[in-house]
């Protein structure tokens, strides 16, 4: 029997590497470890329990909560019964949750704790099919007397009884599973409209997992940190797919606050994080170094300079002189090694990043200190992998070559990237129209991203295909491309650019409170709040310099030089997912922002130097209020002389 | 800088509660033990064999430096338990060490008492009569000495229930002065010799001569075997290491937590159910036990013969207190650091000042060196209290923290 | 009367010869006065700064060493006394400057340990400068004795008693009548309050240290005149500690009465019981007495019962 | 859920006509009340009303001159604080009384000390304690056996340490202070220190938990957290709680029964609603603020 489903892979692992660790959770102060055989036993018990509670083949089971072994087990247990687990973002609001649960016709929900149960109860009325709730953590659940709420322990108890009465049930159910069966629904929070439920089969996930495990030589002694949302395809592929295929160990952190400590303790050998996290870490490195003693700073600068020179070359096994090698070795002892250690990356063999473009400085920083960081390009619809940078062919501005078994092409007209592979999703659940739009008859998937394949055969992504526009001067306008360039500056947290159908490009920027605040303190710029800081002329001046540098970069590119940023404004508040300005994965919601900040946008294309802006906002404690301020508009110098050259 | 902690995680409480949280620290300790047990004895032996070092220098190193260092470490461990962990100041350490020394003496000579009777001629005849068989095993003697000192310590610790802080410090002075008085006035303690001096009898351990000398026939000739300095050193080292391990175990477990609770806030400690008297007395008992072992060690291995009132005078108490303060209150490592500091500084000064004087042609008397020593001690204590009240151990810890966070400051 | 009772009552039985008994009492009281003087300096510092000044005994030695040293250099006695007073004031300033100001807000136990360090330093410092041989200190107190009612009394003893009485009177006036004295008391009662009404804490410290230095000088002079100036002086001065325990750390009358009790008690014990147990019980009797006393009355003779608050 | 609907158990602690004097000053005069099992019981009153003294009397720190205290049905007289702890009374303090030299974990672990009797002693209590003569003979040996195990940190002792560590970790998890597990408590902000102190008390698994102004000096968010913990403790473990609190909002929200003290006398008692409406209380306590308001206007 080939192991073509996760429950079957679990059986295989329990057989072949029974005592080896499968999953760990930092709980009650230590890393509680569960071996593959224990994991299998747990999954079996839960599966029996679910069956005893009436879960049928094809039922949908929502999984709500942080990364916890119990939730992963519940997922696989559901799969063992032929039910379909639907992981849901644990921080999604009630309306989002309600939509997903309704759309997926969920009848059963496994949640982490009271908080999630409360949310589920809230949406229960509008979700008629939702019948049974299960919680893992009994804290605060004593007073819930509803008979449809059970603890996972009760389920497990029931499971044990059910098992005693139905020997062989589990094995039979597992055997019924086929690779072509549906493994899960993953809802993608699109930038517009309602989330779409991507239907992935075992074949999709397992083929991509096997491909990547082989390609990247992933072994069964890897340690990873399972900290990204379970509802995200990446976690599904890394913490279940690759984990089950390769047989390595996933580690669940204790809580969100202790993430960094947990990262350091585990010291993963294999680490994935979106660019944002690497960016934050680098920022904190720089901030902490500034408080360091002089000698240490000098040492740091000296060796980081050296790393910049030869680090990447050494990583890529290129030829480097003996002296430089020795110096790099010294640097490894004094700076890089300790640095990696404090960041929890001493043992890392592979680091991946994806999801957004990463700043070249950030990228080079990590690579130069000897971390094999690579970019990949993927989608939920592709079961993650589309392209990946092969070892020694790593560039900051590309996302790598097509993975084995993935076909790739770029539509010459729309510049849209398309791919085809075994990982391609089955369909969008109950949304044939979208399915047809995205997936062609012969299996090609529209990514919606514009890009091109460069002379190395690497894919380069510019922007969302639909967002790429044209300025009135005929120049191509790729907002995300500009925004990413802006966001690579430490002071800029988020940027939104405008320009399609306009005379020039303009930018709306929200500053990075930590970085700018730190800078302000050192430069005696006093401020009391984000709003005040963002309005400081000194800050404007710093940002203007950043923008002018972007303009200079753009001037070098013939197609984009017309898209230089002529005017900008600093927003009085951070762009926030709670206000709907960003998606949960921190992507800009353009349409929403256009409406919300129309006054500012008008001012950017008008002549005034100040505009009053008032927006509704959600405070940390959940209250809503109005955030208002006068926002200054500033001009930036254009480089290369002729932004309107093509207009004539 | 040297720390690579990433990936050091624990999957069970037993491991998580180990003495060392970090692998590097554990290796560091094994390294130090390796040096102390193997590298030093073998290295010195080879140096002497190779003619690179005079045999007398080697013996000086062992007998005058290493042994003293170990004895002081042991005493500092003891006082640190009482003062550093349980928060009870004691100025009677030397007195307790003396009890240990005299107990060891009495047990090793069979607990003699004097039987006086008139002989046939009507003259008064004195005769020493042993009450117990003499014990010649130094390890057993040290344990017995510790046990006796424990009892004495508990008696003098009794007032700690009612009195605290300085008052208690003064009360422990009572122990110091009373005990020292006993050492020169209670004849039974020193077997009634007029000089009130006690002398260690010959002892053997595992067939090795430890004290005194032994004459054996070898190849038909009488050969006198003197104890090897290495033997004494290794016995003391093993003893100190063992008791340091015991001390560490106590302070990291429930006993230590009870002591520290009493130290940090005795009222709150009572309200969580800690019995103050029992806890403090236990600290006195354990601390005195350690001091007693230190005293026995001082007597058996380091001095061989001593006069109680002189060897255990109040300055000795202060010296141990200084070790604890400079080393670091509430730290096992600190006890060793402090002992090393206070032991080595005078040795250094004794060599350094005459040398310095010689350079300028100024004769430096021993008395002057001693004065300078006292002044430096006094000044150092004050400087430490001002700069780093938690002592060398704290500096060590800060340094370690720096290395762990390197290249970051925090 | 059995041997047992003879032993127990030995200190009383010395009054069988009442002249001898009185002599013992007087010499005991004299020693007590000396202890009181040391304790007095201690109480001053404790009241003003909460510092348990272990170095007070050494201060006595140091002052006496200086005085003896100056006289030994041929300086006239009144000038030598003035010079020594100057040294003690200078010392107070140096202590404040180098030590006290750096230890503000530290725990009392730390301050206490610091004074142990100071004691070590000071004794060695004094002996380094003036040598460690025993010095005679002759400040013109008449030698010899007189014998009222057949009791031998040394002039020195009388003088010491008188000087101590005078000193206590002066201090009482100083504390109750002068502005500085009242300020000192204010500091003792409440540091914060004292600061808020503009009393400079550092000045206060210098003054108390200087005053207790001078008190130490008086004590040192008396001791020195009696038995010469030598290192053991500082050890004798340690006996001020049990005195303090008896009298309470903050009470001047306590220090005086405590001193007299200790002095008298240990002398009677020594003369009475000493012969039975080999003598020299003076070495520890005071401490044991204080310890036993403490167990029954932890707050001292004049202290108030402490109500612990949580 | 409203607390008035809740069911309470029997009387856990009964205070009868307690009078406490310091010298000539009367701190508490003739106060009586009853605390029932599973109740959240509040003692309120203006400053100096004798609230803290009352708690001190309950846990044996002060000994009242008159009156009796009946706890779990047994009247008691002179009880030492550690004996109170042994009978299941735990306590937090107005000014945090943590062991500042220790980490959060160690502080919580000290709360387990009473439960860590040691394997030999446990055997003694189970088997030997009831045998005449033998109990006296074996006690020292058993005690010393535990002591030796402790000092070697070996075998059964290590197991015991591990078991209690787990219990302590559960408390840490309950109070959500995992991230400060190894931090010396002296370095923690005030609000967290209060939480650790509650943790130490919870680790004792008390039957009666006395909280002396658990929310004093906290900001709104910290107060809300603390309220939640107090209610959770009461819910989850069924612990009876007696607390002193100044924040009337908090008291009215969470307590089942309120006693009002003024100048050491009880002036009112009842449910929060009853007390709130009591004219004496308004005069003595709320009235003060009310008058000031009027003056300001």
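Some points to look at:
For clarity, chains are labelled A, B, C and D in written order, and residue numbers in each chain start from 1.
Just so we're on the same page, contacts are C-beta pairs under 8 Å (C-beta built on N, C-alpha and C of every residue); 3 or more make two chains touch, one makes a residue touch a chain.
Since the structure is predicted, the reported quantities are computational estimates derived from the model, not experimental observations.
Among the remaining chains, those touching subunit C as well as subunit D are B.
By C-beta pair count, the most extensively touching chains are B-C.
Central chain by Cα centroid: D, whose mean Cα position is closest to the mean of all protein Cα atoms. Across the assembly, the mean Cα position most removed from that of subunit B is the one of A.
Put simply, the C-alpha centre of subunit A and that of subunit B have 60 angstrom between them. If you average the Cα atoms of subunit B and of subunit D, the two centres end up 43 Å apart.
Distance between subunit A and subunit D, defined via averaged C-alpha coordinates, is recorded as 46 Å.
Rounded to a whole number, the gap between the C-alpha centres of subunit B and subunit C is 33 angstrom.
The residues of subunit C that reach two or more other chains are 308, 310, listed in rising order. Multi-chain contact residues of subunit B (touching two or more other chains): 12-13, 16, 267-268, 271.
Among the residues of subunit D, those touching two or more other chains are numbered 61, 93, 97, 165-166. Contact residues of subunit D toward subunit A in the complex are 1, 105, 165-166, 169-170, 172-174, 176, 178-179, 181, 221, 232, 235-236.
Within the complex formed with subunit A, the subunit B residues making contact are 1, 3-13, 16, 404-410. Across the complex, subunit B is touched by residues 59, 61, 80-82, 84-86, 90-91, 93, 97-102, 106, 109-114, 116, 147, 150-153, 157-158, 161-162, 165-166, 200-201, 204 of subunit D.
Residue ranges of subunit A in contact with subunit B, taken from their complex: 24, 29-33, 223, 264-267, 285, 288-289, 291-293, 296, 299-300, 333-335, 337-347.
If you check the complex, the residues on subunit B that touch subunit D are 12-14, 16-17, 246, 249-250, 252-255, 257-258, 260-261, 263-265, 267-276, 330.
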